[in-house]
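Below: a set of structures, written as structure tokens.
First chain A sits with chain B, and in the next complex the same chain sits with chain C.
What follows is the complex of A and B.
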């Protein structure tokens, strides 16, 4: 039962990451990230119950509040303020991106089969999903032009790392996990300000225009 | 002998049941959608009223129409009815499962679609041709995606036959693989695309630029239209049943005992209701995609299907 919930939530995270790649509307991408964070919170809560690591309840709560509510709300506000709802213009078109992500997922999964099975028998899948999401996040960061999407990609990578930390290892110290959470929220805040600055200067969120910046 | 009679009876009952339930599903989704928009919505029997009204009318056909035009809705309807006999619904066995499995099912549905698209081209009206070409564009992508999703489950069970597949799933009990959810997500997108629901097509509009399925059947009237509408309803119910069979078969009857069958029917109805809510919500929170965006959405589901199959192997 525990294994099933873990596997389903992890697979749900992978599905949302995949849909994010196929998505061109910024608002929908942000909502998908919120759903992904909810799945992550379910993983954390399930681990908290099954392994009786009660500090993970706090992490699950923090994930819901910060990553499923606060950060999406903040990003949507940024988009509203700068008034760029336009679609993401990737360097690669959607079908090609999907194909690349497919390859990346297969690589991530293939690598994960080398890890020894954990006690729950699910660590292979969790590592596979997390590695795939990590690679998809990096890929999104490289191929997308809009600054908001790059923030979402960074957050996806962070979620992937968190998934491994919670699901497979016996856990990081509580203080470290708290620190990471606040790091993430600060990073998003600073990046949000940065997006404002980029839009101010270039009247676009397109980060490829930053290369024109010469001293 | 007794066994064969029982199986035949079950098959007839299953097909009649699906035919009877199809208008109800359509009405239920329309009602829920209306409720989400703060409207009253049609009464529960509206689907049956609509069908009865259309069936009573006189068929009006274009003078240029040939037999292909007349045959189209009939083949489409028959294909949908034939497909219902290949899918386990209440019990963990399909009435005609010895005839074939997944490939036959996909082929039968493709035959119906082909007949309807050909019939739409027959009168030479621009709308029919446009609708047919759009429907085929989507189908060309949706069909392989459907097969990939189905193959993912077939790979786990080791059989392409839906009856064997469901029985093996029930025997092994519930144990999830990440591929299951990927396949489910892919198949759900396909169900939305194939049944003409909102991100892909709008079942409630007759606006020239956006309609796909409606453009194809625009010229039909009376009993012809009733057959098309009814068959679409049966197809929708069939796709949802397929999702249930492959991913949440728990509760299906494994014996012919009346209690088990009743429980199976109740479980099936409950799961269909849950999926209907999911379809309604998807339809209500999404805007319709531009036509040229639709292949992107369907290719996402194709990708999910490929991925599910690849992960299954690793």
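What follows is the complex of A and C.
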């Protein structure tokens, strides 16, 4: 039962990552990230019950509050305030991107077979999903021009890491998790401030325009 | 209260005061005093270590061994230097009326905060806290990159934060995987991530998970160190960041990141043997030295030039460790020490030249600065001689130590390539510096300097740093040498 919930939630995270790749509207991409974070919280809560590690409940709560609510709200507010047009313009078209991501998922799953659990069990799926998401996050980062989508890509990578931390090790030491969450939210806030300044200056959120510094 | 806690609290308090107090005199006194006290506390901590005790706090989460003590002293030293130079830097700009209250707040607040984060890196014995501290150094320095609020500084800050966060994401995954590799052997609670615990449990760690973790962690912290091919943020950030803060980035942060790399390398060595992570470090280090080569030759900005030199130096340290010989490790740590002493001189004198010409680009500075600003130019040439590893200065000896260790060991080809790269880099650097300092001005308007050179606080700091760097080439204080040996013992024997 717990195993099924874990695998299902992890699959949900992977699906949202794919939807994010195929998505053109910026707001929907942010909502997808919120849904992804909810799945992560479910993984944490399930682990908290099954391994009876109660500090993981706090982690699940933090994930919901910070990553499913606060960060999406903040990112949407940044977009609202700068009021620019809201389409994502990828360097690579959607079908091609999805194909690449499919390949990345295969790679992620292949690497995950080296872990002690081998090809069976829940951990295999969790690590496979996490590594795939990590690669998809990297892919999003290099193929997207908008500053906000790059932040979303970074957050996808972060979620992948958290999935490994929660799902495979049943939680890093609590103090460390807390510090990491705090740092991540601070980084997103600072990135938001930078986006603001970039838009003020260049009247665009297109980071491919940031290309004066070379050599 | 505990010594370590004080050592960390002092820069933090200094930062808080610097960001809130609005009086110039008080700000200057607080920053200089706070960073001086910090340096003294670092030295006292290292002194306690040398007398045989192991300073620790919070249940060994913070712990000072030989490697920590060396990095602490170097970071404290650079913190003090850049704090004092920072005061001089602001005074110069103040005389020209382009210092806003925001700039004052940022410089007086963020420099001590940056120092705090670096010291936390150097004393953390816990891989989780280590990660948090490295992330803090990144966050503390973003607004130093955007300090001048130009188009290009936003670009540099964006790249810096994006690449830095991505690197740290990798490092975090590496840390998680290391933790996963030790499931059941590391125990419970915060102490499960203690580096010392990892070293005890090393033989029982799961090899595949550990390998993957080590690769991710080395790439992640390598990004912060600026090892190629993850170095691309460095030239941009160096150009945009004000010179006092660049000194922290180029020396303090670099030492901190190398410290992280060494900790991961040590866990890997204890569990898998020195070959695995050593070879990775050797490849990354060699690549960094090679990447710096063409870019130094085509460079158009003096601070970017120094950034590529810094990529070279972190490469040299990585090669020294990666060779897998005790002499190589000693050479790398000696190199770290000499680099920490010499690099600020080059950054401060280049910063002075840039301030005198209101830009650090070659075409704005123009050729032949020696006729316009003789003191700063002379200091810059001296610094260039030191950081290219010319005799009789320190880095010549450390590079020679590494080269000898390399030719004596199994990696002869790699060492030969390394030697050739060093020679080319020396020539390239000499060519560039010669052009700026000694070349003939292209047109008469370049013969006068917009702001004449003065012996002010910034200049005095540079001269003092240069004097220390010269002395260090001929005389290293015995306790400092003992620290380097202690650090070598940590890296070579893992204790």
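Criterion: the second predicted complex is superposed on the first by the 207 of 215 C-alpha atoms of A that agree within 3 Å, B and C clash if a C-alpha of one lies under 4 Å from a C-alpha of the other, contacts with A are read in each partner's own complex, and residues count from 1 in each chain.
The rule is simple: a residue touches a chain if its C-beta (ideal position, glycine included) is under 8 Å from a C-beta of that chain, and two chains touch if they have at least 3 such contacts.
None of the values given here were measured: they were computed from a predicted structure.
*Asks:* After the match on chain A, would you call chain B and chain C a fit or a clash?
*Replies:* fit
*Asks:* A:194 contacts which: chain B (first), chain C (second), both, neither?
*Replies:* Touch partner of A:194: chain C, not chain B.
*Asks:* Once the structures are superposed on A, label A:150 by its partner contacts, choosing first (chain B), second (chain C), both or neither.
*Replies:* A:150 contacts chain C only, not chain B.
*Asks:* Once the shared chain is lined up, is A:183 touching chain B (first), chain C (second), both, or neither of them?
*Replies:* second
*Asks:* Consider the C-alpha centres of chain B and chain C from the C-alpha centre of chain A, and write down the angle between them to the nearest 10 degrees.
*Replies:* In the superposed model, the angle at chain A is 160 degrees.
*Asks:* Which of the two partners, first being chain B and second being chain C, lies in contact with A:207: first, second, both, or neither?
*Replies:* second
*Asks:* Is A:11 in contact with chain B, with chain C, with both, or with neither (first, second, both, neither)?
*Replies:* In the superposition, A:11 contacts chain B only.
*Asks:* Please give the nearest C-alpha separation between chain B and chain C in the three-chain superposition, to the whole Å.
*Replies:* Here the least C-alpha separation of chain B and chain C stands at 19 Å.
*Asks:* Could you tell me which stretches of chain A are touched by chain B in one complex and by chain C in the other?
*Replies:* Shared contact residues on chain A: none.
*Asks:* Which residues of chain A touch chain B in their complex?
*Replies:* Listed in rising order, the residues of chain A that touch chain B are 3-4, 7-8, 10-12, 14-15, 18-19, 22, 24, 94-95, 98-99, 101-102, 105-106, 109-110, 113, 125, 128-129.
*Asks:* Please output the residues of chain B touching chain A within their complex, sorted ascending.
*Replies:* 174-182, 185, 293, 296-297, 299-300, 303-304, 306-307, 310-311, 314
*Asks:* Which chain A residues qualify as touching chain C in the complex?
*Replies:* 111, 114-116, 134, 138, 141, 147, 150, 154, 157-158, 160-161, 164-165, 168-169, 172-176, 179-180, 183, 186-187, 190-191, 194, 197-198, 201-202, 207, 210-213, 215
*Asks:* So in the complex, which bits of chain C are touching chain A?
*Replies:* Touch residues, chain C against chain A: 126, 128-129, 131-132, 135-136, 138-139, 142-143, 146, 149, 151-152, 154-159, 161-162, 165-166, 169, 172-173, 175-177, 179-180, 183, 189-193, 206, 208-209, 212, 235-236, 239, 295, 298-300, 304.
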